[in-house]
Amino acid sequence: MDYFIELFCSGITRGAIYALIALGYTMVYGIIGLINFAHGEIYMIGAFTSFIVATVLSIYGFPLLAIIVVAGVAAAVWSSAYGFTIEKIAYKPLRHAPRLSPLISAIGMSIFLQNYVLLAQTSDFLPFPELIPDFAFMEPIAHIVGSSDLVILITTTVVMIILTFVIKFTRIGKAMRATAQDRTMAMLVGINVNNVISATFIIGSALAAIGGMLIASHIGQINFYIGFIAGIKAFTAAVLGGIGSIPGAVLGSLVLGLTESFATGYVSSDYEDVFAFALLVLILIFKPSGLLGKDETQKV
Amino acid sequence: MFTLKEIKKTVLISLWFVFLTFPLMVIKVDPIEKTVLWRWHNALYVAIGIFCIRCLIEFFRHRKQQKEKKKKNSSDDSQALIHRILVDPRKRNIMLGVLLSLVVIFPFVFDTYQTNIMITALMYVVLGLGLNIVVGMAGLLDLGFVAFYAVGAYSYALLNHHFGLGFWAVLPIGGGLAAFAGILLGFPVLRLRGDYLAIVTLGFGEIIRLILENWNEFSMGPSGISNIDRPYFFGINLSLEHSILYLYYIMILFLIVTIFIVNRLQNSRLGRAWIALREDEIACQAMGIDKRKTKLVAFALGAFWAGVVGVIFAAKTTFINPASFTFLESAIILSIVVLGGMGSIVGVIFGALILILLPEYLRALSEYRMLAFGAILVAMMVFRPQGLISKIRRTYTFKQE
Amino acid sequence: MTTPILKVTGLTMDFGGIRALDSVDLDVRQGEIAALIGPNGAGKTTFFNCVTGIYIPTAGEVMLTPAGSNKSKNLKGLKPNQVTQRGLARTFQNIRLFSRMTVLENVMIGRHCRTKAFILGAILRNRATRREERKILEYSYALLEKVGLANQADEFAENLSYGAQRRLEIARALATEPLLLLLDEPAAGMNPQETKELDELIKKISREGQAILLIEHDMKLVMSLSDRIFVMDYGKMIAKGNPAEIRTNPDVIKAYLGE
Amino acid sequence: MLKLENVQAGYGSIIALKGVSLNIEQGEIITLIGANGAGKSTTLMTISGVVKSRSGKILFNGSEIQDKGSDEIVRMGICQVPEGRHIFPQLSVQENLDMGAFLRKDKGGVKKDLEYVFDLFPILAQRRHQDGGTLSGGEQQMLAMSRALMARPQLLLLDEPSMGLAPLVIKQIFEIIKEINESSNTTIFLVEQNANQALQVAHRAYVIENGEITLSGDARELLTNEKVQKAYLGI
Amino acid sequence: LSSAADTIKFGVAGAHSGDLASYGLPTVKAAELVVEKVNANGGINGKKVELLVEDDVCKPEVATNTATKLISDGVDVVLGHICSGATKAALPIYSNAGVLVMSPSATNPALTQSGEYPNFFRTIAPDDAQAKIDVEFALNNLGYTKIAVIHDKGDYGKGFAEFAKKFLEDSGKAEVVLYEGVTPGAVDYSAIVQKIKRSGAQAVMFGGYHPEASKIISMMRKKRLKTDFISDDGVKDNTFIKVAGKDAEGAYASGPKDTTKNPLSIQAVEEHKEKYGADPGAFFENAYSAALAMLNAIEKAGSTDLDALKKALQTEKVDTPVGSIYFDDKGDAIGVGFSVYQVQNGEFVEL
């Protein structure tokens, strides 16, 4: 039973990590129907930015709390700036293009950004400073849940709640949903579609950046390639949960994380990804639009 | 031509990029030694670079507009030229003749290296044509196409390794097994639409790769299979140069066969059904088309080509391991199809030649190679979103008897 | 009297809490034009969807009987393509053409379920395939001539005017050689002139022996075309009869016609 | 109030409007009639700024709007019921209506208007929580109309509002048009296939052919115009 | 081949972009440093050395193109490739042209032991050799009887792990309580750590590279698991200590003998820091050594003929950062004594 709980907690942590990235994925997909392969790179850039800022600050002797706040804000600001710029350069000109063209543009962007960071910084792995200290009150259960696990979990939950609220009830949220469903009509009710799309990219990127910082601090290292696998996994999770749905992204991530954890624990980690993808196929067969995705309303 | 306003905007954009790239380009930290390196010169390079790029883009846009204004009604650009040639059967035959002779003498004009990468490019042309059936014609987004390629490659590698089966014997087997894998994948995912299909195929591709990686007894795991036979030439074992030459001609022949078949498929009852399915599934079913069957056939046929090319791949490199069959490979093949122009055979050929030869010729840029590759991919999509060569519309001439 | 081509009994369809169809009975006879009318949201399109396999009805029977035979086929639970194969073809309320295919190709798709060339045929292009392909072309072209679109055969479907698109949908449905043709608001979005042309077109098709069931809100058209009219309201069949009966039926006037 | 001066617009290489000029005065009901593909919908889309005009001027209350974003144009008080309804398929009926009032700040007014449209189309009140995409064709058309009413526009552009509606409802739609024109002094620009009825409610009318205005005048006069009768009234 | 040419063309092939770039790029830097120094001293036999750097992204199919490209550019010797797979695909092409290849990192045993690649040499120990050292150390010095063998599913890591498992089982002294591969690049390794804990292993023997190693060891320590960590020379890299920080304390890793005190090694690292402003990355020293060895062989042989070079390599000792080495007739370096290190106070200390 202990073992089960341990694996369960591992799975939840992993899921929460995926969720932080998956939320941005799902938002961007929801609004422009684009699998934004560059989202993983935004996450990576967020991690790098926070790494650079945190290291500079710690060299100049700032206190830990200040470092966390400033590095987090910087990561969010710059990642958002990247997200915003990428949308303008690589996706906006393709709004009326065939459906797959922006996808290829995104793949190109992803390759470009990886190599940009590789060249501007380094190909090596860099030690990421431990931003989240071990909390004393966590010590009794530290062998199961660590402090950074806890912080990630709380962040994910808070972010999900805020986002769900924003999308459901605020003006910008309504504008996002309307834009997602019918862009022409959104324009006709007075929504500035360009701004809404930009806002989506900015929010999604900021989330990825926060995720980047927390996850890098949890893992303890970064390099230019970390965005790729994380991105693919987060995308899988977003689809599993029903792409476009905020709670879906979180649920999908948790299911994915738990599956991988239990697969590792009870079967073999050799095949953890096989289990993850097999589960994905299985769920989609029975629920073709994901766990919480709405069935596309097809009225003929 | 450049107004003050334009210049001001360009300067602002440059400044924005300086801000954007500031942490990554300017600061470099060493967390162990606790040193910070401020590389201010990089900021300057970014500013100048972006300024120039933007000026260049504006300049070309301006010129294009001027041109368009001048000759408003004649819509002749390079694409129209290709179309004109393709539409006129005489011109087409002449062009085909010229092309064919060029292709045949190619290895004698260029060195082995060029021939070698040309083989790779041709392989990707065929892969692209295969995926084009699935994505371009039937409209099923497949991000795991590389799985079928792997099935083909491993079929040959394993059958050759264990049973000493030759290239020609495995060629159809590899294709057949891949097609079977295509149907296997097709069955469960038929119900899925659009991007849900994409992620499942991506997952399928990963599953195949992971199995190859983990199941040592079957696939020899990550260390791969080496010393795979190159194709024999009537029982003779050729030298390296000659076998490259031989493979080149095999590939050419195979490509011609592929084009022939794909072209015929496209203009058949089945091809029409694929296109209709892509356009509107519900209407398609209401017209009596069996969605399942039609989709499965598309999957199987696409996979078949991938499998056959996989066999050739294994024979060419003589060594294979799972590292060759990653998602990125699928992404490149998909890029070929989209970049070339979905559904267009000529487009796919161009797309493959560009995307495969480009990184090779970009070798001169050394470490900037992949950076440039990514940027070019984006630029090509932005400036030619519909692909290099759009599909020629088939028109039917109707003669009453 | 011969068995009706289409006989629907007790058709019921629930969406969550809403009962969109409530045990509806309807039959269409050999060679006639029947109309299905009713207020917006009465369940007419849902009726079509249930009959053609797009929705699976909660309850009820759908029987199709080819002319002059008494071998009925039960259509309930079949997939849309199987329903079409058995002889029901339809048009859509919101036009669903293959917009990036040519007009001619659209109709050729309709021939799909009546032809059979497959992979091998496509690749080898043997005699049988070529003959079949030529027949598809001839048949489709003839249909285009019938609906008056022959001179636009090579246009993309999306470039046609609204009225022309409606006619193309009819041609495409006819290409499947249906026993019964279902038309969902064929005149919607047409101007009076075009409606008049449509009226003639439907009459022409009907004269050739084609049985038709149509949904329409344009009463002038309905009255001029129909042999019999069925009226629905809130998912229930509230009246049926010939145009004169329907025009004077107080229930129908109250629920639908006004005046 | 709204003035189009020699407006040209199109899609890619297709030129759909070849220099359209027209003029709408405050408080009028104007109708635009023309054959399929003549450019009626394009005219409306160009006014709303969804399709960008290539040359010419569009003046609304004296200021040029042809270069403005469509959201700004809506904010200035021009609202459209587009062809094909354009319901947000996965928003509920209620949410669709809320979207109509997206730019409005007066919560009380919005609430009153909501009651007003539910009053006009009781079926919508019944279907309040159903997804817009699952409504029947006619219900969607009613919703589209109501959504535009929720915006309380100064100028209402209507593209074939009677399409797919039952005869009773069509009658009602034209009554609503008249009523909002009279009671709240909303200017209305109406595009209709049902030219007969459109001309009966309108004050003035324009006829568009192949992207050009070929005829204009008093609505009742056009009703008796032989050419119009033949081409558009099916008489 | 190019005895008439006035430069010696020195090829460098490996992964210079993509996910494995961090293993390939340090080699390029090592070659640049060595060649720069050699050229500054007047070159080899009066000829300048020219670098030809080509990327293979660690993919076999690209590696064949890379190799043909280098051959058609007239390359004399090649430093590379980085990955065993790519190396295996490329070697027949070099061998056909009579070009010597020396890898700083390709560790698959078959490369030398199968005898199929006569033109191949390497400055790194094959997987089995290291597995042997580590296993013996764990059994004899540490006296463990329950060991978990973990790998990264890659050809190097899994190769190492397979041998380790085999040696452990053959010894009869210890039990392999867990044998599994982790997914490289995964965001979180806590599940496998829990599994290690449950297996009751006294030590984890890990086959793979330092990024995964540091992630796993950090996660183990986070989960308050004190099990020992034993690994290979993919981990015996200073980056491991930097990244894992205090968690690395006490970890064991095998690697070439006492390189940290070797003056040549210290010098090489200093050169790198001076030129590139950072610590060198993985396989830097192996690459530096290979470059020295090959250039030395060219000098001694007086030509770039394969047979002459092979002879020189097998007979002439050369001082390199990994020790004073020459090569056996299969191509493996001799003199790279291997030993086990432990991280103590933030440094690898030879035991």
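Read from first to last, the chains carry the letters A, B, C, D and E; within each, the first residue is number 1.
Here is the rule we go by: a residue touches a chain if its C-beta (ideal position, glycine included) is under 8 Å from a C-beta of that chain, and two chains touch if they have at least 3 such contacts.
From a predicted model like this one, the values you see are computed outputs, not experimental measurements.
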Between B-C and A-D, the pair with more C-beta contacts: B-C
From chain B, the most remote chain by mean C-alpha position: D
Inter-centroid spacing, chain B versus chain A (mean Cα positions, whole Å): 28
Length of the line joining the C-alpha centres of chain A and chain E, rounded to whole Å: 35
Distance from chain D to chain B - Cα centre to Cα centre, in angstrom: 47
Centre distance in Å when chain D and chain E are each reduced to the mean of their C-alpha atoms: 73
Contacts with two or more other chains, residues of chain D listed in rising order: 134-135
Residues of chain A engaged with two or more neighbouring chains: 115, 122, 126-127, 270, 273, 300
Chain E residues counted as touching two or more neighbouring chains: 17-18, 153, 181, 242, 278
Interface residues, chain A side, partner chain E - complex: 3, 6-7, 9-11, 13-14, 17-18, 115, 118, 122-127, 130, 142-144, 146, 148-149, 215, 218-221, 223-226, 228-230, 233, 257, 260-262, 264-265, 268-270, 272-273
Parts of chain B lying in touch with chain E, wherever the complex brings them together: 28, 30-32, 37, 111-113, 116-117, 120, 213-214, 216, 221-224, 226-227, 239-241, 313, 316-321, 323-324, 328, 360, 363, 366-367, 369-370
Complex contacts: residues of chain A adjacent to chain B: 29, 33, 35, 37, 45, 48-49, 51-53, 55-56, 59, 74, 78, 81-82, 85, 89-90, 93-94, 96-98, 100-105, 107-117, 119-122, 126-127, 129, 232, 235-236, 239, 243, 270-271, 273-274, 276-278, 280-281, 284-285, 288-290, 296, 298, 300
Residues of chain A touching chain D in the complex: 171, 174-175, 177-178, 181-182, 184-194, 294, 297, 299
Residue ranges of chain E touching chain B (in the complex, touch as defined): 16-18, 53-55, 58-61, 63-65, 68-69, 71-72, 83-85, 88-89, 92-93, 96, 108, 110, 116, 153-155, 158-159, 162, 181, 242, 277-279
